[in-house]
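Notes follow once the structure below has been shown.
Just so it is clear, A, B, C, D, E and F label the chains in written order, and each chain counts residues from 1 on its own.
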Amino acid sequence: MISKMIFIIFFLTLLSHSIINASVVDFCVADLSSAETPSGFPCKSSVTINDFIFSNFNSGNTSNSPFKAVFTSAFVHQFPAVNGLEISAARLDMDVGGGVPIHSHRGASEIVMIVQGRITVGFISSDNSVFVKTLSKGQIMIIPQGLLHFQFNAGRNKATAFLSFSSSNPGAQLVDLALFGNNLSSAIVERTTLLDPAQVKKLKAIFGGSG
Amino acid sequence: MISKMIFIIFFLTLLSHSIINASVVDFCVADLSSAETPSGFPCKSSVTINDFIFSNFNSGNTSNSPFKAVFTSAFVHQFPAVNGLEISAARLDMDVGGGVPIHSHRGASEIVMIVQGRITVGFISSDNSVFVKTLSKGQIMIIPQGLLHFQFNAGRNKATAFLSFSSSNPGAQLVDLALFGNNLSSAIVERTTLLDPAQVKKLKAIFGGSG
Amino acid sequence: MISKMIFIIFFLTLLSHSIINASVVDFCVADLSSAETPSGFPCKSSVTINDFIFSNFNSGNTSNSPFKAVFTSAFVHQFPAVNGLEISAARLDMDVGGGVPIHSHRGASEIVMIVQGRITVGFISSDNSVFVKTLSKGQIMIIPQGLLHFQFNAGRNKATAFLSFSSSNPGAQLVDLALFGNNLSSAIVERTTLLDPAQVKKLKAIFGGSG
Amino acid sequence: MISKMIFIIFFLTLLSHSIINASVVDFCVADLSSAETPSGFPCKSSVTINDFIFSNFNSGNTSNSPFKAVFTSAFVHQFPAVNGLEISAARLDMDVGGGVPIHSHRGASEIVMIVQGRITVGFISSDNSVFVKTLSKGQIMIIPQGLLHFQFNAGRNKATAFLSFSSSNPGAQLVDLALFGNNLSSAIVERTTLLDPAQVKKLKAIFGGSG
Amino acid sequence: MISKMIFIIFFLTLLSHSIINASVVDFCVADLSSAETPSGFPCKSSVTINDFIFSNFNSGNTSNSPFKAVFTSAFVHQFPAVNGLEISAARLDMDVGGGVPIHSHRGASEIVMIVQGRITVGFISSDNSVFVKTLSKGQIMIIPQGLLHFQFNAGRNKATAFLSFSSSNPGAQLVDLALFGNNLSSAIVERTTLLDPAQVKKLKAIFGGSG
Amino acid sequence: MISKMIFIIFFLTLLSHSIINASVVDFCVADLSSAETPSGFPCKSSVTINDFIFSNFNSGNTSNSPFKAVFTSAFVHQFPAVNGLEISAARLDMDVGGGVPIHSHRGASEIVMIVQGRITVGFISSDNSVFVKTLSKGQIMIIPQGLLHFQFNAGRNKATAFLSFSSSNPGAQLVDLALFGNNLSSAIVERTTLLDPAQVKKLKAIFGGSG
């Protein structure tokens, strides 16, 4: 038993020399109540196993969604343990006929993993090339960072994909919302898109924009 | 039709000024036949939609595996499109009683997303704390980079998880293989682990090590 | 003179110990003929002062442009010396009434520096807020990475801005070109934007798209 | 009108899932009153368009400057919106005969864009090679990070350059000030530069150093 | 004397334009009392030369250590000046027969510099190859990030190595402590290592583990 | 014996799925004969233990050095295994009265570890503050990236320090060599330093400069 004590002493010494706050060393679960920094949120001072688990990775109710799609994200605001680890996840559930309009993530590449159903995924590259394919179970697809892309259910049943992102905070910008869902003046929208005034007016109405 | 032509000319001009090789700009699908660099492989000179899709994201045959588990990775060597994008994926299928022995990924944090079944996931932090939990569908867990961790099937049915990593090349080091699956001398293994010689000998035999 | 010789010997020794290929150490002028890597192009083996200078930072002929705007970029393909240095530049000249349609740069934040005239600059953030302002000489504006933004001449004279980017290869994606200037099927455009078929058809004609 | 309401609900739902504090997501305007971190300052909690604009990008009064030069920086302390975005800007105005003494930026490469006049720009690489050239309007030059460099007016009129940097906080170290503008002992200066004591004394007087 | 004053004024002006808090610009000595962020600790507001010096780089008392080894780290918690600079150091003293058990650093590569004696250093790569060598004075060795490795005294006298790491906070995970020095259940240890229950029990006793 | 075979098969399968070229995964020993990239050299295709060891970490002959100092670097060109690992090392030997003139490393912070003797180490920060101290055995000091600094022997015996750097390629620029050891014209040196022509002429002679 003496050797045991000595070992423990040795190792505690070793640890006290090299690591004071090892939990903070290995990870940095976000303290969402503190001000963010360019590298993410300050770390919570104490954590438990539950901090590392996100338990809301379920399908939402697509029947309430006009696009028949629900996007459930586990980004840093919902899943603070990914803070600083340059990764996050989401799940996408789409009813028959559902889909996600064209959008981009300014801060992350995305991997789409098909869980069930058939999903058409597409992105457009900077040289204006189109990359589009309908995927089934057993397939995954990568969408490079910052490019416009879309997903829609291409099958006759519900479709689900698990998504992962190369950032704890990928961001998401939907073109329709950016153009028609705020107070950006119609004149500017028309000038910077060449859309007809009537079309802009119609979409502003749909997406709740003014101006 | 004149205005159409002019617009096209304008945009081609704009593009030719700002972007010569846009595909290369947005992504860098690995040319695995070229020598790797610290940032990854050189880029393939031309790509198609199929480069962005990995179609082998299926369950392997767990009945052939002594650990009743199959790990199917879509890292840069299997899925060259993730090159340079700091993300990759894998799927893990475990039969009843199956699991992955303790291991670490030197280059990536990992998100475990449960697709079916019940899976016990655990990691140990640098201050020697244990974080372990049995997860079910609807749950995901994050394992911070470089820490020892394990997964095993905790249920009475097959279990499947989709995994994502914060690197295109996470690496994987299994403790048993590192200690017992090569020519590292038994004397060194004993000295640096405090394992008994008989135990080392037994595990060297199991994992095919010499020395 | 002896001391001179000794000093030289000393310093050459010092240099030969610490630096063999110092030019390569300090910078990495792109060899555009080699395959790119995720961190940029391989370095040219020898350089001169002219490699570090880009002499085409002039106004193009805006009268030939349907948008009455010319964008002259000094990105890595035009100015190989910025390779690996995470910076590049461009100039934007706009005639009266001219402008750049809504677009994003997937890989860089952008600083707009007004050289002459009055320019309206705007961007939309991920929470759909609009940030727009008309700038004059003596003002600069920052546009965060990856967000949709636009610039147009708000004055009665020519306007010029110098732009800088936080990447040697910012990329550029114009929404109109991504949607209407390629073979992305009209059905998908309509589905993922909610634009009317007639509007899509008209813009496909303007931007030269098929499908 | 019903469809409009539904769309809004859908999108608000989508947003509330994926983004709670989108402004913070996309950018991080520095709160200069908080303690800095290695990645920059904590983010301000609310911003307006004016945060993204720096309106003091004007020429200073060069007649008051002994070097007949004024350097106006828009680094993070003057322009908090660049915080975390790895970019900043400055303008340099030099009267006839004016210039900036030899200096380096420890944290950024620099692009010099000539706005008016003729400016001689030079840098020295680690292998002791000299790269120097006199630039005119229509030319830009890149100075790699951390190398000693200088700029001076080479013409018969005022000269102005716009500068951009690959960091929000480039730093600046002028050799003369580092050696002669503080309390570094003359003995150490002589020993580490081989300058004559009389020369050191003279320059200490000019630059206000003691010791 | 007038010119001196003018120069000073000029330079103070230059500085006040470009740098307000230069000390913070160049380095970020950790304020260990503040909450850490993913990029490290917030910066102390004022520093002296003593902040940049660590004076405890001495040998500990190896006679008290069961492994006859003492590891003295100058990581960010002991040496706050390395915060944000991606480097740290340690020294390792080993008595005859002493050594450091197998372990890994999740966040840093390590250079081992022999100061005195003969030290056997080894690491195992992800493909299970063994890299092991006995080093003497005049030799250094690099251990890539995150791989299992060990060091032990191979000579007949005390041995000392200076170590440097590519992170201010490398972390350290000893396999024995991770498996046997906490409350990780013996059943899980056995299942994820294939060790015999008796061996696990013995080592749990040595390292103070329960479960 | 059957279980042994099965385990081996399992693990080889596991490895072949996740890792094809594991050595390349974990490290990237430089192939110095290939063109460098911004992230470093391409990787050698096969390595041995000797690639990870640098055996020339000895004192040079200081008696041949006019500054009575020898700097032995283990940067990427001398020690290719540090390629891509963001760390390197050097040793500095100084005879009585010896020292290293004022210089900076554009790409790395530096830790100075005293092995024997007494060494004065100093650096100047961007706000022109002086940080200087004489160190003895048992002390280490950190010099932040890119700042001017110097070291000299402050004792009555030989002095030795081990140095580590936060880059595989720190670069080194000595002010005297940059100003006086090349063909930079004396007129420019005088203009950008305020040194007297006679002083410039004298130092150009010492350091072998022309112009």
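Rule of thumb we're sticking to: a residue touches a chain if its C-beta (ideal position, glycine included) is under 8 Å from a C-beta of that chain, and two chains touch if they have at least 3 such contacts.
Quick caveat: nothing in here was measured; it's all calculated off a predicted structure.
J.: Please find the path from chain B to chain F through touching chains that uses the fewest steps, and give that number.
T.: The fewest touching-chain steps linking chain B to chain F number 1.
J.: What is the graph distance from chain C to chain E, where chains are linked when they touch?
T.: When the steps are counted carefully, the minimum from chain C to chain E is 2.
J.: Pick out whichever of the two, A-B or A-E, is joined by more C-beta pairs in contact.
T.: A-B
J.: Rounded to a multiple of 5, how large is the rotation, in degrees, that superposes the C-alpha trace of chain B on chain E?
T.: 180
J.: Taking each chain's centre as its mean C-alpha position, how far apart are chain A and chain F in Å?
T.: Each chain reduced to its C-alpha mean, chain A and chain F end up 41 Å apart.
J.: Using mean CA coordinates as chain centres, what's the chain E-chain F distance in Å?
T.: 20
J.: Can you check how far apart chain D and chain F are, centre to centre, with Cα atoms defining each centre and the answer in Å?
T.: Between these chains, centre-to-centre, one finds 27 Å.
J.: Which chain C residues touch at least two other chains?
T.: Answer for chain C, listing residues that touch two or more other chains: 15, 19, 21-22, 25-26, 34, 37-39, 106-107, 126, 128-129, 132, 144-147, 171-172, 177, 181, 206.
J.: Looking at which chains touch, is this a line, ring, star, complete or other?
T.: Here the contact pattern is something else, fitting no line, ring, star or complete shape.
J.: Which pairs of chains touch one another in this structure?
T.: Pairwise, the chains that meet the contact rule are A-B, A-C, A-D, A-E, B-C, B-E, B-F, C-D, C-F, D-E, D-F, E-F.
J.: Mind pulling up the chain E residues that touch chain D in the complex?
T.: Its residues touching chain D are 3-4, 6-11, 13-14, 17-22, 24-26, 28, 31, 34, 37-43, 45, 83-84.
J.: Mind pulling up the chain B residues that touch chain F in the complex?
T.: 34-39, 60, 64-67, 70-73, 75, 77-78, 90, 106-107, 169, 171-172, 174, 177, 181, 205-208
J.: Quick one: which bits of chain A touch chain B in the complex? Just the residue numbers, please.
T.: 15, 19, 21-23, 25-27, 49-50, 52-58, 74, 79, 81-82, 85-89, 91, 108-111, 113-115, 125-129, 131-133, 135, 138-147, 162, 164-166
J.: Per the contact definition, I'd like the list of chain B residues that touch chain E in the complex.
T.: 99-102, 104-107, 120, 122, 124-126, 128-130, 132, 144-148, 150, 152, 171-173, 175-179, 181-184, 188, 191-196, 199, 202-203, 206
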